Every structure is written in structure tokens, then in C-alpha cells.
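Below: one structure, written as C-alpha cells.
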Amino acid sequence: MQTLLDFWAGYGSTVVFAMVNSFFALSAYAVLSTGVLSFATVAFAAVGGFLAAQMVGKFGMPLPAAVALAGLGGGLASALVAAAFLKLESHWMALASLALVLITRVVALNAPALTGGVNGLVVPQRISFLQLLVLLAVVALVFHRLSRSWYGLAARAVREDPAVASTMGVSPYRIQFTAFLISGVVGGIGGAALAFTLQFISPETYFIGLAFTMIASTVLGGSFHWVGSLIGAAVFTALPVTMQAIVPQIEDVAKGVALLLIMIFLPRGLIDPRAWGLRRAARARQVAGGATQAEPHG
Amino acid sequence: MQLFLEQTINGVALGSLYALFGVGFGLVFATLGILNAAHGCYASWAAIVGYYAVESVGLPFPVAILAGVIAGGAIAIIVDQIAFQPLRDRGTGLLGALITSIGFWIILDSLAGFATGQQSLAFPAASYPSGMTSIAGLRVPTMQIVVIVALAVCTVGIYLLIQKTRVGAAMRAVGWNPVSASLGGVNSRMVILLTAFLAGATSGLAGVLGGIATSNVSFTLGEGLMLKGFAAVVVGGFDDVRGTAIAGICLGVIEVFVAQYLSTSLRDGITYSLLLIFLVVRPRGLFGSASFQRA
Amino acid sequence: MVDRTLEKGAPLLETRGVAKRFGGVAAVDGLDMSVTQGSVHGLIGPNGAGKTTMINLITGLFHPSEGAIRFAGAELSARPPHEIAALGISRTYQNVRLFSGMTALEQVMTGCWLKRGVSLWSSFLGPAARARWRETRAQAMALLERVGMADRADELAETLSYGEQRRIEIARALGSAPRLLLLDEPTAGMNHAEAHAVGRLVHELRDGGLTVLMVEHNMGLVTEFCDSCTVMNFGRLLARGEPRACIADPAVQEAYFGRKNDADRIKSLR
């Protein structure tokens, strides 16, 4: 028990941040799992974060309601983004979403009435560990159900080969639009969770750094299964902290090197269901090969 | 009128920096199909190398620029060979190279932080032409003229290289279709290295000149250039250096005038809004030829 | 919108003057074709004749530069692929295009997408969706059984042999219970016995009321299994009608084997 408490004292905030980052990673996964690379999650998070912070700060809304509203706000924002971006070819969509991240910060800086501008906003409430855990569990459950649903099947088909999927009656546009909506809701919730964890947010909170942590987490964990996003967020949040304990100063360098190594040597991420299937097939072949060799003797 | 003309030149010089930086970014995207997030680091590092060449080694100004440019090109080749080469022929697509370039961005930026002691350095005024030059009654900072001339030379040079030489034809072929280009006898490895070097060198030139002009030699230099250079490339169109040059200059002029006559806080907003509008409404840019919209 | 009551023998698919140009090159150049309800129709021709382009035009992956494609009374030429699929057209691909990372069963279940009968939202909320999922899973298993792949249902499709992948692709195409099945070289890479098994499957499907249009290179199979055929060359119609008569047509012979004096000239060059 004592060791558990010690662990919590030392790494409690790392665990909390890993959980918050999980929302962003899942939001990026939601669109990536239909073949869309988008950084727009950061914009959805900003909408959710500032909305929730203002609702709690100015109007005294209870925290859970503010989080729900943040999800709604993120979802609305994502509908607009999807309508504008989904007609673009995939490279261009990635670029457009990156531009959206830049614009989000400029807009936030120039709307001090809503965001506090350069001075940022103090968020008067803090999300408890239990609340955060429940929130993440609910979101994870939704992803779990989705992955074993018609939507999940269609999403995989659209990602692997949109043309073939469309000749089977699946509309890639519709699936990717839905993916954006999911991404927006989860991103908005994540933005609120971040606001209620940091208790201070500013336009810098929702910027490039968040975009890269998020994409890195999703790719590191594996973008072919939703669990990968959770694992990736955990590793990518814990890695700099542990690095700092061993060799301070170079934690960022270590982060970059980790990204490089993973992409080069493990391009499909830590969690990769396809690799398991391939391994199983290879084992089966080996067994079958062994059996045929054994036959002449038996 | 005097102010208007001076501000115009001011804007053209600023835009030339964006364009100079963007040319290489666009070249890598059009030829190698890579969105290189580390492109800004080449500029930061070139400026740092140039700074130490002047400050510690005491090299004269033109040699220091050359040192920075070569450093930018060399780093670009290293990044390409470590981060992008292993992913070629593996079908990880845009995403894989984007991730590894983000990795290098983080590495190079934090190393640049160490190199400058986490602060912003400035070239000593005596080390570069810091005076003013009079042209037709206007007094213009000499550095602005150097920047504008540098952009003109690089744009024309790279345009001629791509359109008129055998190497350029090979670069266009690789950009069009790497597989058939290699079947057609194009040495794609040579093309890759040359493209990477050119991109790093032009980014480096923008970095050294920008570091001098803005008195800011640090890792934030590359980031600032990155955002604006990216906008120049998108607005101008990816597949034509002339478009990037013109768009970059336009952005610079617009920024200076918005800051002068409207408000400083709107400056970045207008650039990024243009960027987004072009991406959504006209993704091939002002001068681009290919269509990037889904059928 | 779609006429569901076509008699056997009525035209199910008709094309009029269909053309598709890429740049200046016409891959299909004014083709008229008619496939009657309840028949197995062969689409044949030398390499590069435009057969696969024709399949892509019918399924909406390409849109024709000119001409009309009518399916059971509905015009197809301006529709997106997923709408055409919903009208009852399903296909396989010349180079097998299964989804990477999916098991054989999942591939076929994806093929059943059009019959899922639940909306996106209820697909993960309601208990009815789970029942429907189990039901479709059973249907997909039955389809795998039909093509002889039931015992490999849980294996990753990409680990299977080429011929096995082709059979899974056929099962996937059948998942949507189509009225017209387009098979693009279904027997490529198969041995004689496997190819004949596919031919027998096609006959069974036809006897069950399905109309089949198949691109096929094996002339033996065409004469044995097709009720009628269309021969293309350079994007144009060369001959049509009964398979044996088509293949015996001198124009077809020439397109396939070249002019006799050409062959002589090649000999003299050696």
C-alpha cells in the first residue's frame, strides 16, 4: 500500500496527463482509422476547452455538464471542418488541418472576451481522478463497441481501399464524415479535460505541441486498434518524465529519437492486430510443414 | 508616399525571406512527396552556424553565409538519409515521413536550444552590411537588398535547373512517378540527394539572412519561417517555384501593410486565413497546374 | 426506380455508345452491349481491349466520357459507386483487391454491408444490431462454405493462396445479394480443376436467378460456361452472340492471332 502511495506521489500527475492525452490520441485515431490524417483535433479541443472553462467560470455550470457541452461544441466544430475539408485529397487535408491549428491560435489570441487572449483563463474547477477515469472508460467503451460494429468494419474497408469499399455500397464520404464527428466530440471532451486538469489555459495550450504529441501517440501505439491510442498516450507521456529522471535536459531529444526509431522499426505501432494474424499464419504453416514431413515415417 | 514606398520594399524583403524558405519546402513536396516538418530547423541551424562562424571563428560575412548554407544542405541530407530513406519502398506514405520529420524537428530544435544557450542571439552589427543604401532618393537597409537579390537569384536558378537541365528533367520525372522514372534510367538516388541538399541550402540561406535581418538567432527563427513559408507554398502552388516566390512576396507586403495600417494583431491572422482559404477553395494555389481535389 | 420484375431473357444491363477517354486515348470507344437477365455473358478481347475499363464504368469507378449505361431501367453513368452497388451490382477485381488486415470472414461480412439493416448509430447501441450481426455472420459463413473456404474463415485473407483469395473475393461480392455479378478474370492464376469449379459455381448462381458478366481469357471456359458473349478490340465492338460463333469469326481470329501474313513475316525475320 505504501509503495502504491509513493508511486502516486511520484507519478500521479503523469498518469493523469496520460489519461488526458488519451482523449486526443483517440480523437486522432477516430479519423485515422478511416484513412484521414487530421490535426484538426487541436481546434476541436480548443473549442471544448474554452467553452467548458467559460461555462464553469462565468455561469457556474457543474463540471460534468460543462464536459458534455464541450463534447457537443467539438462535434459541431467538426461537422463544419468535415464539410469544408472532406472534398480535399488526403495530402491536402493534412495540410489544411495543420493550417487550422495555426489559425485556431490566432483566433484565440484575438478573441479575449471568449478566451482571455494572451493572458489566458484561470479555470476555477479541477476534475477529480475518479471523474477522469469514468470519462475515459465511457469513451473507451464507445470505441470498443464501434470497433465491433458495422461502422468499424466499414471504416477499415474505407481505410484500406476506398474505391473497393464504395463498390460494395459503402460511401467513403459518409464514413469519414462520421469519423470526423466522433473525432470532434472526443476532441472537445479532451480539451475540457485538459482545461480542468491544468486549471489554466491560453491559446498556447491548444497549439502545435498538442498536435504532435497526439499524432505521435496514435502512431506509436498503433493506429489499427483503438487500444493503441491509450498505450501510445501512456508511453509518450511517461517517456519524457522517465528520461528526465535519468538524463535531464535531453528529454525532448529522447522524445524525437523515440519517434524516429518507432516509425522506422515498428511502422504499424505497438498494437497491431494484423501482425498477430500473420504470426499465427506463419506458425500454422510451420506446424503443417512439420506434419507433412512427419507423415512418411507414420 | 515616402513611407509607402519604404514599407513596400520592407514587405518585399520580408516576403522574400518567406519565399526563399518556401521554395525548398515546395521542391521537396513536389519531387519527393514528403511534407517535411523539420524544414524550419535547417534555417535555425544555418543561422546558428553562420553566427558562430562570425562570432567565434571570425570569418568574413560572405563566407559565414556560405558556411550556413552548406550546413543547412548537409543537415537536410542527413535528415533525409536517416528519417526518410528507410521508409522509401515501404508504402508508409505521407504519414510515415511526416512522423519521422516531426521526430527530427523535436531533436534539432532542442539541440539548437543548447547551441544558443536557450536564448536569442544577434549578429554583431559590424559583421554584416548594416547600413542604408540610397536608391532614387529612398533610403533602404542594405540587408533588405541582399535578401531580395538572394531570392531572385535562387528562384531563377532553381527554375532554370528544373526546366532546362537534364538533372531538372530527372527531378520532374521522379516527382511524377518514381517507379517509371527509375525504369527510364533516372538515377533517383542522385535526384533525392540533390533535392534534399537544395532544399536545405535555400532554407539555410533564408535562415542566415533572416537571423541577421531580425536579430534573432535561435530555434524560434525556423518555426516562424516555417509557418509563413508554408503559407507561401500553398498560396503559390506546390509545383512551381515562381508561384512560391510571388506568393511569398505578396504575403510579406500584405503583412507589412496590415501591421502598418490596420493592426499588428491581425497580421498573422490574415496570412493564415489566406492559407486556409487557398487550401479549401483552390488547393493547387495561384499558379499550380495539377488538381488536388478528389474526383 | 429500379425495375425488380424483369423476365428472364429481358435485357438487364444495356450500354449505348459508351466511350471513355484518358487524355487523348480512348480506352472504350462507343461500345454497345446488352446482357440479358438470367444469363452468363462473357466479355472477351485481347489485352488492352478495354474490358476492365468497361467494368469500371459499369460500377461507377470511372464515369463515361459519352454514352449511356442502363441497368434495369435506371441510368448509371452519373451515379457514385456506392449507389450503383445499392442498385444490385457487385464485382470482383482483375488483381484481387481484398482488404489488408481482415480475416476471410470479415471480408465477406463487409460485402454484406448493404444488407446490414441497421443505421450507423444503432449499429453499436441496440441489441437488435447484435442479433443482426450474428445473423449476417452466419450468412457470411454460408457464402464461404459455398466457395469452399469455410475452414479458413478466421485466417487473415492475405496469408491465403491466390486462388483462395479469388474465391473469397467472389464470396464477398455475393454478400450484397446482387442481381448482376461482374467477374473480372475470375480464373486467372487457377489450375484447370479450380477454374472449372468457378465455372460450375457461376452456373449454380445463374440457375439461382443471378445474372453474371465475366471477363475471361480462357476460351475453353468461355465456350463451356457462357451463354452469350461480347468481343471487344481497341475499345470497340468486334463481335457478339453465341460464344462458339464469336470465336470462329475471322475478325476475332485476326484480333487474337494477328494476320496470317504477319505471322509469316515474323518467321522470315528470324
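The first chain written gets the first letter, and so on, giving A, B and C; residue counts start at 1 in each chain.
Keep this in mind: a contact is a pair of C-beta atoms (placed from the backbone, for glycine too) under 8 Å apart; a residue touches a chain by one contact, two chains touch by 3 or more.
None of the values given here were measured: they were computed from a predicted structure.
Chemist: Name, by label, each chain that touches both members of the pair chain B and chain C.
Modeler: Touching chain B as well as chain C, we find A.
Chemist: Considering only mean CA positions as chain centres, point out the chain farthest from chain C.
Modeler: Here the answer is chain B, farthest from chain C.
Chemist: Cα centroid separation between chain B and chain C, in whole Å?
Modeler: 50
Chemist: Could you please state the distance in Å, as a whole number, between where the Cα atoms of chain A are centred and where those of chain C are centred?
Modeler: 40
Chemist: In whole angstrom, what separates the CA-based centres of chain A and chain B?
Modeler: 31
Chemist: Enumerate the contact residues on chain C facing chain A in the complex.
Modeler: Of all residues in chain C, those touching chain A are 59-61, 80-82, 84-86, 90-91, 93, 97, 99-103, 106, 109-111, 113-114, 116, 118, 120, 123-124, 129, 133, 155-156, 158-159, 172, 175-176.
Chemist: Okay, in this complex, where on chain A does chain B touch?
Modeler: Touching chain B from chain A are residues 37, 84-85, 87-92, 94-96, 98-100, 102-103, 106-107, 109-110, 212, 215-216, 219, 249-250, 252-253, 255-260, 263-264, 267.
Chemist: In the complex formed with chain C, which residues of chain A make contact?
Modeler: 142, 145-146, 148-151, 153-154, 156-157, 160-161, 163-172, 178, 224, 273-274, 277-278, 280-281, 284
Chemist: Across the complex, what residues on chain B touch chain A?
Modeler: Where chain B meets chain A, its residues are 35, 82-83, 86-87, 90, 92, 94-96, 98-100, 102-111, 114, 227, 230-231, 234, 265-266, 268-269, 272-273, 275-276, 279-280, 283, 292-294.
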